[in-house]
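Chain naming follows the written order as A, B, C and D, and within any one chain the residues start at number 1.
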Amino acid sequence: MDREEVMSRYQAVRAASLAMCQPLEPEEYRMQVVEYASPVWWNLGHTSWLFAQVLREFGGQVSEEDAAYGYLLNSYYAGLGDKIPRNRRGSVTRPTTPEIMTYRDSVDRRIQTLVCETSDELWPSVCEHLLIGMHHEQQHQELFYTEIKLLRAQNPPEFRVPYEDLIESDTEAAPIEWIAFSGGISRFGNIEGGFGWDNEYPTHQRFLADFEMMNRLVTVGEYLEFMEDGGYRNELFWLSNGWTGCQQNGWNSPLYWEMKNEAWHCWTLSGMRSLRPQEPVCHLSFYEADAFTNWKRRQGREWRGTCLPSEFEWELACRQTPANPMANFLDTRSFHPMAIRSGEKGMQLLGDAWEWTVNHYEPYPGYEPYEGFLSEYNGKFMDNQRVLRGGSCVSERSHLRPSYRNFWPADTRFQFSGFRLVRR
Amino acid sequence: MDREEVMSRYQAVRAASLAMCQPLEPEEYRMQVVEYASPVWWNLGHTSWLFAQVLREFGGQVSEEDAAYGYLLNSYYAGLGDKIPRNRRGSVTRPTTPEIMTYRDSVDRRIQTLVCETSDELWPSVCEHLLIGMHHEQQHQELFYTEIKLLRAQNPPEFRVPYEDLIESDTEAAPIEWIAFSGGISRFGNIEGGFGWDNEYPTHQRFLADFEMMNRLVTVGEYLEFMEDGGYRNELFWLSNGWTGCQQNGWNSPLYWEMKNEAWHCWTLSGMRSLRPQEPVCHLSFYEADAFTNWKRRQGREWRGTCLPSEFEWELACRQTPANPMANFLDTRSFHPMAIRSGEKGMQLLGDAWEWTVNHYEPYPGYEPYEGFLSEYNGKFMDNQRVLRGGSCVSERSHLRPSYRNFWPADTRFQFSGFRLVRR
Amino acid sequence: MDREEVMSRYQAVRAASLAMCQPLEPEEYRMQVVEYASPVWWNLGHTSWLFAQVLREFGGQVSEEDAAYGYLLNSYYAGLGDKIPRNRRGSVTRPTTPEIMTYRDSVDRRIQTLVCETSDELWPSVCEHLLIGMHHEQQHQELFYTEIKLLRAQNPPEFRVPYEDLIESDTEAAPIEWIAFSGGISRFGNIEGGFGWDNEYPTHQRFLADFEMMNRLVTVGEYLEFMEDGGYRNELFWLSNGWTGCQQNGWNSPLYWEMKNEAWHCWTLSGMRSLRPQEPVCHLSFYEADAFTNWKRRQGREWRGTCLPSEFEWELACRQTPANPMANFLDTRSFHPMAIRSGEKGMQLLGDAWEWTVNHYEPYPGYEPYEGFLSEYNGKFMDNQRVLRGGSCVSERSHLRPSYRNFWPADTRFQFSGFRLVRR
Amino acid sequence: MDREEVMSRYQAVRAASLAMCQPLEPEEYRMQVVEYASPVWWNLGHTSWLFAQVLREFGGQVSEEDAAYGYLLNSYYAGLGDKIPRNRRGSVTRPTTPEIMTYRDSVDRRIQTLVCETSDELWPSVCEHLLIGMHHEQQHQELFYTEIKLLRAQNPPEFRVPYEDLIESDTEAAPIEWIAFSGGISRFGNIEGGFGWDNEYPTHQRFLADFEMMNRLVTVGEYLEFMEDGGYRNELFWLSNGWTGCQQNGWNSPLYWEMKNEAWHCWTLSGMRSLRPQEPVCHLSFYEADAFTNWKRRQGREWRGTCLPSEFEWELACRQTPANPMANFLDTRSFHPMAIRSGEKGMQLLGDAWEWTVNHYEPYPGYEPYEGFLSEYNGKFMDNQRVLRGGSCVSERSHLRPSYRNFWPADTRFQFSGFRLVRR
């Protein structure tokens, strides 16, 4: 990719991070609601810090303040020096948010200089790392929306404000159809080429049995049947860890659901509103998706043998199915997954909601982490997490692809996470 | 007290709370560093909330938003409705700080109306509650300084900023003298009249043996001897709970001390600076004061039989000793306890640093909590805390008196807390 | 005391420790139900270990195994070498119980030799330390009963066995009378002479106001009124720490109470049986006693101004009141406090149940801990505990006296702890 | 299988459980050292309880005491009624161990009756469940040895006793060879037939790439190189969760290793002895095996691309490799993995030490849990655990097979767990 194009994409990504902060009050930049959700200022700083590492690695300008900011903004790279403990990000009051913005500007100016001045020999490496940095920043943009949603939900009801206007919708959900796929040996991972994370490699062969997959995500209405049938009270539907989590956290519905005046409502980026039975259920942990599945298998012959898809079944289906032109990504600004209409093309695979798969997050056979300072990016987290596929209504559309692997601990609920079933 | 005078004092107290916030950045209003230290916005709101209770109780104007603010700003009054858990104050981002300021204004306007319009019959009660509210706000003003000191200390070294300019001082500490006091039966509690908290009543008689008291607070230099003699490593000097705390928290010096280039420095509201051996040691837990005492008793005949004073020995001494005109209170803006000069009048009893006494915080015989909505103000905390006496360099001068009882858990270090010894 | 008499008392105390273990199964010697309750084997070993320290200090025979046993059996003496963490006592399976018994025998034989052979010069010191060791062992004998009670309560209902036969009783409780005492200056502490712990010294003067004290302990029936009036559900009656403990531990009755077939029962050393309304309520925390008091003060004029006694009021009353010949101690083998009959002499002050006082456990003015290896016996625990007075139905009668100070954290419930009220 | 043969095997399995307890003292039956290790009495009871469920299900005699024992001995079956919390098993002192033995006898007698008297129609089901119960008891026999090893290690060094005599060994470890296997599509799971757990089904096809596997387990000597090269101090070798665990638990060697007189020793069932560099390293967590692998990959070309095997690579290798006649199982009574000699047949796959694989424990495609009361046996634990294959020196030989899947959380170290590497 030539320098101009890279620089133009760089500026677009960086500008998008600032644009999404426009509706925030100064108070909202600093708060760390829970340890796993970072403050906005930190996301803005950390994404810049990664570019500062590129500067350092490839002979760009180093600034006096890089060291102090490095301590603050290094997320988890043991190879890149000391860092503030993760759970202390929320207790930092200086640098102020304007100072962070100034640091972003400083990094941007220095990146521009690097792009102009680096040798042709180094350029491919610089370019590769800049692209990684941009995709990294897009990941944090998606996190921004999930974190702001959580942040605003913490306020007492009278003080909760929406981030965006509500989009009304009266779409009916398409009825369930089972779409058949042929198994056999296929190649998996980033076989399309283009950008991919190290965890999408090496591409490799796997054998799958034939399977059928639901044509859309499980809906709120379908999930309510599980709830009404005592789903949250019957230990027999649950994984052991799931039941423990359910009890300890007092789960009795997906995250953000609230019963008001005997009707379920949910907190969205457009404020508190009534649940829509036809829209995909989301903000579920893996454990809830799994418990639903175990309940559903007992609901009659059609459901016997259904289960969550493997990440490879999902990937195969995604590769063989036309994209749905009505899918929701960040640019459609629905900020919530929406129902797929009957007859709509596609299977709601990309966009709307991340889909839990049955798989733990593991390295592909022959996996090698990035060389150099990014070696810790993905590999060290391949333990006790589950893979999600497909992206969500707050993902940047260009950021997604069939081989993209997202991953979270099985009890995570603050992402836009839903699910569907397969049968074999 | 007449209405005008009350209103004028009210306005002064309320203005002082705003003035002290002038040097803060928006970021600094919201952070709750530890559960026991509240964010600035909350202190500003909570002190107003107490006045809103006065409005409610005495027929003042009630505002629509009182209920929602009540949930946020009620500290610990079970009798006054639901409240947000204390450890969640730092996760609230709305109402914003400007909205809190607007709410303060609304309360002030309504208080003004109440003061003007309340009947002569009700006035004494209204007046009494307003005075309580003002003293309450002064308590929170003192907390403000200790919380801001802690808040700014959390930032990485490169991003720590002072609150106030440094006052240089080369005063030598007065040598230790033992001032003799005669015991016998005396009356204790708020016998001077004037404002007093319920925990200073009833006044009552106690018998004390004769005693001698140090003429000043223990200094940094004296405390360093304890440290250099292994004070933090020898379990035999410590209370059992103190040793456990010392180990668990890794204490090896008072709070805010830091070794840089082989010299001790300390973090102050005027920034990081060298320790001054002659100034009173402060930011000590009761356990450290007690361990020093146990060490000191073994340092030769003069010290045999020394110990921390009882709160009644302190009160008697304070009552019988002229005030030191050079003592430091909030208005002297030293923001740190300072050495007492040889020949200076007084014993450094009021101001500079709170003094740990040997006593747990208990009710006086016949103690009755306030009637009505303030009944929970003091009594329910009379358990497993220690009494401190005297006030500090960040106390409002008019807020102190011989019978004033402050109290904190024995492991508290973020207050300006020091100590002295007595012998009998 | 002459050597023969000491030796005879030594043997009696040591034999009593073995006798009380007779009804135990091998399983019951080893279990540590909670960190604060030690296994029986450990009590048997630890009391011997203290005598092994006397041997070491005064030139008695040292055994090869003393070092290994010292690590196991040292409770909390930092000055006497390393020790196994307290919470690990229950995980030790070797030495076996018979090996512990063999070690006891070894210590006994060596003590006998020491008593015979020590010089006249050393004898007074040896004698003093042996007496301390015996009183210490009597303290652990009392703990034995409270720990076995707790241990057996842990078993599922079908497998709970009594330690002793039940004593039936249909005594009516004496009606409440208020006994008047005159205050003024009196001397407190172990003024009778005879054995006393270091925490009963120095004797010293205090001033008390006149007061009246209940003629007996608060009964189960009286406590049930508190419960039925919502005592465990109304935060306004509770100390702040007490309410937190009440919520966290799910307290809704004293320890060992159980509702069966709509009637309250309680677990005793004689098995599970119906509650007797006339007997003293016991197995209460200080917090529950205090909450009852705050509730009771609102129950009419007679109760206004009542509160828990100070430890000095209790001591004065005990000194001025004839002992009750019907009181229950270990030798009466009731193993539970019993009702005091109308017209019975005495005020149920010694025996039956320990009585919570309002006081935190603090040193008397001029307190000095024991010299030498026992210096850690009492002093380092004078922090955040409450004083109890009087002894209980499982105390050795000869072990008690007016100046005896017991102390436990305010949330302790496994001791035979009750309370009474005073008014002034 | 006919009734006589089943009964004869039943009696052999039941007798083996008692025989292994012979060397224990009464103290050792009751202790629960950590929550995940059950007391011996409980294992003896729980294995009987499973047979009591067979009695209940198939019309055997029910005993009065079954209900009370059920509460105590149910491990985790939500469908089979209430149960004592797992972490409370160690606090139970009644029923005594002899009472548990009596209950075992009662179950055995009733099982004998059931086997004799059940109808021919029911027999196949009864037989299947009895076999499950026997295999289940063999699993607990293996646990017994790991728990006794842990239990005895808790005692202070002077009081640690071996379970069995030491077997000396001076075998040299065979040098590393890489054995090649061809991939392609194969069938996995219990394809040999015979007994298998539900988690070994359904048999199904998978595709594997060609791979090479080490001819033996990694040795102590090889692991020491990792340690000496700072393996426990370099975060870059570790999974993120592994590093956290390493820090929190202070790991700096495998479990049971102890440095004495500057030489490594290890605690074994034959007592404390010197490490033997040639024997397989064991008592490692998955995290340590993984960290070793990440370190080893950097040790030169031979090691580049090596990693832990997948459970399917291991299964394929096991199926295609002759068993090693010198392997250690329970019956060889080495009680510790031993070195494989050069030229020895086989690859040390079955026996000696369980081998960590790279895989999380997941259901095979189309997995169905057992029907009926055993439905909770395996499925609900398929979350955040890792698969181990092969069995150990304390496994019953007949209990193992190529498709056997063991599983433990990645930080587990008290099992006899080792590992080997593959390369592709």
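Convention: a residue touches a chain if its C-beta (ideal position, glycine included) is under 8 Å from a C-beta of that chain, and two chains touch if they have at least 3 such contacts.
Predicted, not measured: the structure shown is a model, and the values here were computed from it.
Undergrad: What is the graph distance from subunit B to subunit D, where chains are linked when they touch?
TA: Step count on the best path from subunit B to subunit D: 2.
Undergrad: Could you run down the chains that neighbour subunit B and subunit C together?
TA: Common neighbours, subunit B/subunit C: none found.
Undergrad: Centre to centre, using CA atoms, which chain is the farthest one from subunit A?
TA: Using the mean of the C-alpha atoms as each chain's centre, the farthest one from subunit A is C.
Undergrad: Taking each chain's centre as the mean of its CA atoms, how far is subunit A from subunit B in angstrom?
TA: Here subunit A and subunit B have centroids separated by 47 Å.
Undergrad: When the C-alpha atoms of subunit A and subunit C are each averaged to a single point, how far apart are the two points in Å?
TA: 59
Undergrad: Let me have the rounded angstrom distance from the C-alpha centre of subunit A over to the C-alpha centre of subunit D, please.
TA: Computed value for the inter-centroid distance: 37 Å.
Undergrad: Please set out, as single numbers or ranges, the residues of subunit D touching at least two other chains.
TA: Residues: none.
Undergrad: By the touch definition up top, name every chain pair that qualifies.
TA: A-B, A-D, B-C, C-D
Undergrad: Could you pull out which subunit A residues touch subunit D in their complex?
TA: Spelled out, the residues of subunit A in touch with subunit D are 76, 78-79, 185, 204-207, 209, 235-236, 238-243, 305, 307, 310, 358-360, 362-363, 365-366, 375-376, 380-384, 410, 424.
Undergrad: Quick check: in the complex, which residue numbers of subunit B touch subunit A?
TA: Going by the criterion above, the answer is residues 25-31, 33, 65, 68, 71-72, 84, 88, 90-97, 151-152, 154-156, 158-161.
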